[in-house]
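Note that the chains are named A, B and C in the order they appear, and that numbering of residues resets to 1 at the start of each chain.
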C-alpha cells in the first residue's frame, strides 16, 4: 500500500478510499469551509501528455483549497525532457512543491516517478493503464447522487475491453454488497475474464447484454463510455465499433425516473445532446464533483505522514518488462519489479502478465 | 440584452456600460481597495486562438482582484478540441469556475458558447467580429484622461473599413453629445455606410479626410490603428495600405498640447518610437487602464444575478448563416438566429446581413 | 550599477549581492515568515526561449512569497512576437506587473528590455551569455552548506571555456579570501585567459588539472557541469568531450567526508545516479536553495527605490556589435553601447571584445 501517493486505487484499502470519498462529499456540502485548507501549498501538474480537462480539474481543486499551481503540459516544446531522467525531474520539482499530479503516455511512468519524489505524487493517467482520480470522481458522484451504493443494478456500456475507467470502477464497486453489473458491449469489446473473476469472487453478479434497450429498464445507474480510437489496432475496427451505442431520448423513455446517467467525458456521439436537459443526465455534475474528489485527495495526501516503500515486488537484476510501452523499457534505473498473485506474475509498473 | 455575459457592447444600455466604466475609474484611483474583491473566485481564459497580450491583461485583472486563473491558449497542442463540442467544453469549465473569458477565431463562437455556460462569459475577441473589452479600455482611458467626453473632436486613423475596435468605439461614443468624428483613411478603407448612419442618427457629425496633417490641429483625441494583414484579401492590397499613415514628431508639432493619442496596440510602424516620450502619447497607459476595465467588468459580472435569455432572434429550423466563418456553420446544434432591424435582417451570431 | 534590475551579477557590489545571499539564508531558515511578503504582487515570466526548470523555480519563489505569476514560454505558438518590438512588449507588461523575469536566446536582450521596462527586470538567461540567478543559487548553497567561504579549495569540472555559470561563479568567489580554484578540464575546454586574470588580480590562486582523480582528495567543493551540445561548433567536437568527466562512487572514495558536490542541473551523464544517495551530493538541495535565492532577489527588487540609468557605456550613432547573436543586431533602436576597460573595449550588451 502506497498511502503517501495515489498511483492505483487498488493500493488503498476500502477504508482508505472511502475516507477520501467521505471528505469529498463533505467538501461538496460546504466548500467555503475548505477555501484556505491548502493555503501556502503548491501543486505541480507535470503533464508529459496533454490533457487539458484533467489539468484544469486539478488546478481548480488546488485553487479552491487556497493553494497555487506550477507545471508544464507540453514537454515537446518545453525543455523539460531534454536528456533528463524522470527521476531527476521529480527530485527537483518535489523539492519545490508540496504535491505533484503527473500524467504520462507510458504505462507505469507515474509509479517510477513516485520512487524519486520527496512529496506525494498523484497519478493523473499513465497511458492506457490507470486513471484513479476518474474512479474517485465516479464514486463521489454515486455517493452524492445515490447515497447507499449497496444492492444496485449498474449498467456499464461501451468498450469494456480496453476502458481503464471501467475496470477501475468495477474493482471498487465490488466492495459493496449485492451489486449487479449489466455489461453492455459488442462481442469484440467484452469485459476481460480477470475482471469477471473479481466480480465473481466479491459475491457480486454480472450479466452481459448486446443492447442498451434490453437492459435500461432495470438500471439504477447507466455508465456510458467513449470508444477511444487510440485503443484500436486498426481504423477499420474502430469504425465498426464507434457508433454501436448511442443513448437518446427514445431509449431513456424505457428507464426508471431515478436512473443516474454518468460519463467520464469527453463524449463523442454516444449520448445525444437532447439527453443533456434530462434530470437523469448527471455527467456535467460529475465533472464538477471531480473537483471535490481531487480537493479531498490533495488534502489527504498533504496531511499524510506515511513514508512507506513505493515498490512491493521483487526486482530481479536489470530485467525489463515484455510490454514495450512499459516504463521499465524507457527509464534507466527502473528494472522490472515482479508481483506474484497465486500462479500468475505481473509487472508492478504496468500490470502486464509475465510468463514464468 | 445579455447582462449575464459580455458578448457585444451593444447588448448593454449606456447606463450599463457607463456603470462599468465608472467602476474602472474608481478602481484606478484606489486599486488596493479591490485587492480582495474577487478572493476565492476563479477565471478561466479559454483562448482557442492565441492572444498573449489580451490573456495577460485578463490574468492580471483577476490577480489584482485576489482571484485565480485557469485556462488554455493553444488548443492545437492541447487536447481540448479533440472531438468535443464548444458547448460541452463550456458546460464543463463553467462547472469549475466563476467567470470565463473566451477568444475564438470564428465569428459568433463566444455567443454560441455563452448559451451553454453556467457562469458569465466575456468575449475576448471572436475572429474579426467583436472585441468589447478593447472598447471598454478605450472608454476608461478617455474618461480618466479627458473627463467629460461631450463636445469633442475625435480623429480615428487607419483601416476604418475592417477595424472592429473602431466600429465599436464609434457606436459607443455616439451616445455622447456633439461629438465630431474626423475619419482619416484611404478611399479603399473608408468607414462603412452603416456606421456613418449610426453617427448621423445619434446627432453627432463626421467628416472624412485623407491625411493626418490636414486634421491633427483640431483634434482632442487621435485614435491610431494598425492595418491588419489578416483583414486583406491580397498581400498586394495590404502592402499598398500598410504604411500610408505614420504618426511622427513632425506631425505632432501641428497638434494641440492637450491632444490624447490612443492606440489599441500592438503597433507595427504607424507610430514612430520617438513619439513615445511625448506626454500626449497615452497608448502604454491605455494598456494599463485595460486592466482596470477588465477588473470592473469581472466584478460586475461576478455580482450579476440576471439569467436572461442569451439569444433574442428567431431560430428557423436548421438553417445556417451564409458567412462561412460564422459559428452556425461549424458547431452542431447552433442554427442561424435572425435579428430583424427595419427592412434588414442580420445573423445574430456574426451580424452578417441576410437576404430575404 | 543597475540596482533596479539584475542583469549581470557584476553590476552589484559585493555588499549588494551578499545582502541578497544573506536574505536567502534567512528565508531558508524560516520560510513561513515570508509567506505573505509578496502578497498582491505579480511576477511576469517572459520566456522567449523555453526553460521549464528555471521558470518553475521563479514561479515557486513568487508563490512562496504569496504573490502571483503571469507570463508566456512559447512565443512561437503565442502571438507575442508578431511584429512587436521587445521594448513595446516590456512597456506593456511592466504596466501590468511588479517585477519581470525574462529569458531570451539573444545575448544582451534582457539588458535591452530593462531599458524599456517600468518595473524591475531579472535576467533569467540571455543566450549563452549570463544567468545570474544560477550564481546566486550557487552562493546561497555554499553559504548554507559551508558557512565561511574563505580559505577553500574549490574544484570546477567540465566545460570551463563556454560555461557561463562557471565564469560567473569564479567572478564572485574571487571576492573571498584565499580561494584556491582547481580547474578540471580538457586542453580544449580550458578557462579563458581573462577569467584567470580575474583570479590572479583578486589574490586567489588556481591550478589546472586533467582529471578528477588527481584533485578530488583536497577539494572542499566540487562543482560539476554539463557539457552543452549547443556550445560546440561541430558534433564531432562535442562527442569527443561529452563523456570525459564522470563522477562515480569509486572516485568519491578518494574525497573528504565533508566535500560538497554541486551541479547546476540538468545533468546528462557526468554524475552517476549511484552518487545521489551520498550525503555529499548536494545538487538536488541546491535546486531547492535556488527558490530561496530567487525569493530573496524578488523581495530585494520589489523594495528597490533606485532608478539609476540602465546603460553606462557610450552609444555611438547607429553602430551595431560585431557579434551577430547580440541584441544590437536584432532590435531596432538598440545601437551598440561601448564599455572601455583599460586598453580594451567591450559591447555593453553581450560583453564581446571590440576592435578599435
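The definition used in the following text is that a contact is a pair of C-beta atoms (placed from the backbone, for glycine too) under 8 Å apart; a residue touches a chain by one contact, two chains touch by 3 or more.
The model shown is predicted, which means the values in this text are computed figures rather than measured ones.
S.K.: In degrees and to the nearest 5, what turn takes the CA positions of subunit A onto those of subunit B?
M.R.: The C-alpha superposition of subunit A onto subunit B needs 120 degrees.
S.K.: Can you check whether subunit A and subunit C touch via the same residue numbers (shared by over half) or via different ones?
M.R.: Different: fewer than half of the residue numbers at the subunit A-subunit C interface appear in both copies.
S.K.: Taking each chain's centre as the mean of its CA atoms, how far is subunit A from subunit C in angstrom?
M.R.: 42
S.K.: Could you list which residues of subunit C touch at least two other chains?
M.R.: 74, 77
S.K.: Within the complex, which stretch of subunit B touches subunit C?
M.R.: Residue list for subunit B touching subunit C: 32, 35, 50-53, 56-57, 59-60, 63-64, 66, 73-74, 76-77, 265-268, 273, 276, 284-285, 287-288, 291.
S.K.: In the complex of these two chains, what residues of subunit C are touching subunit B?
M.R.: The touching residues are 40, 42, 44, 68, 70-72, 74-75, 77-80, 82-85, 87-88, 91-93, 95-97, 332-333.
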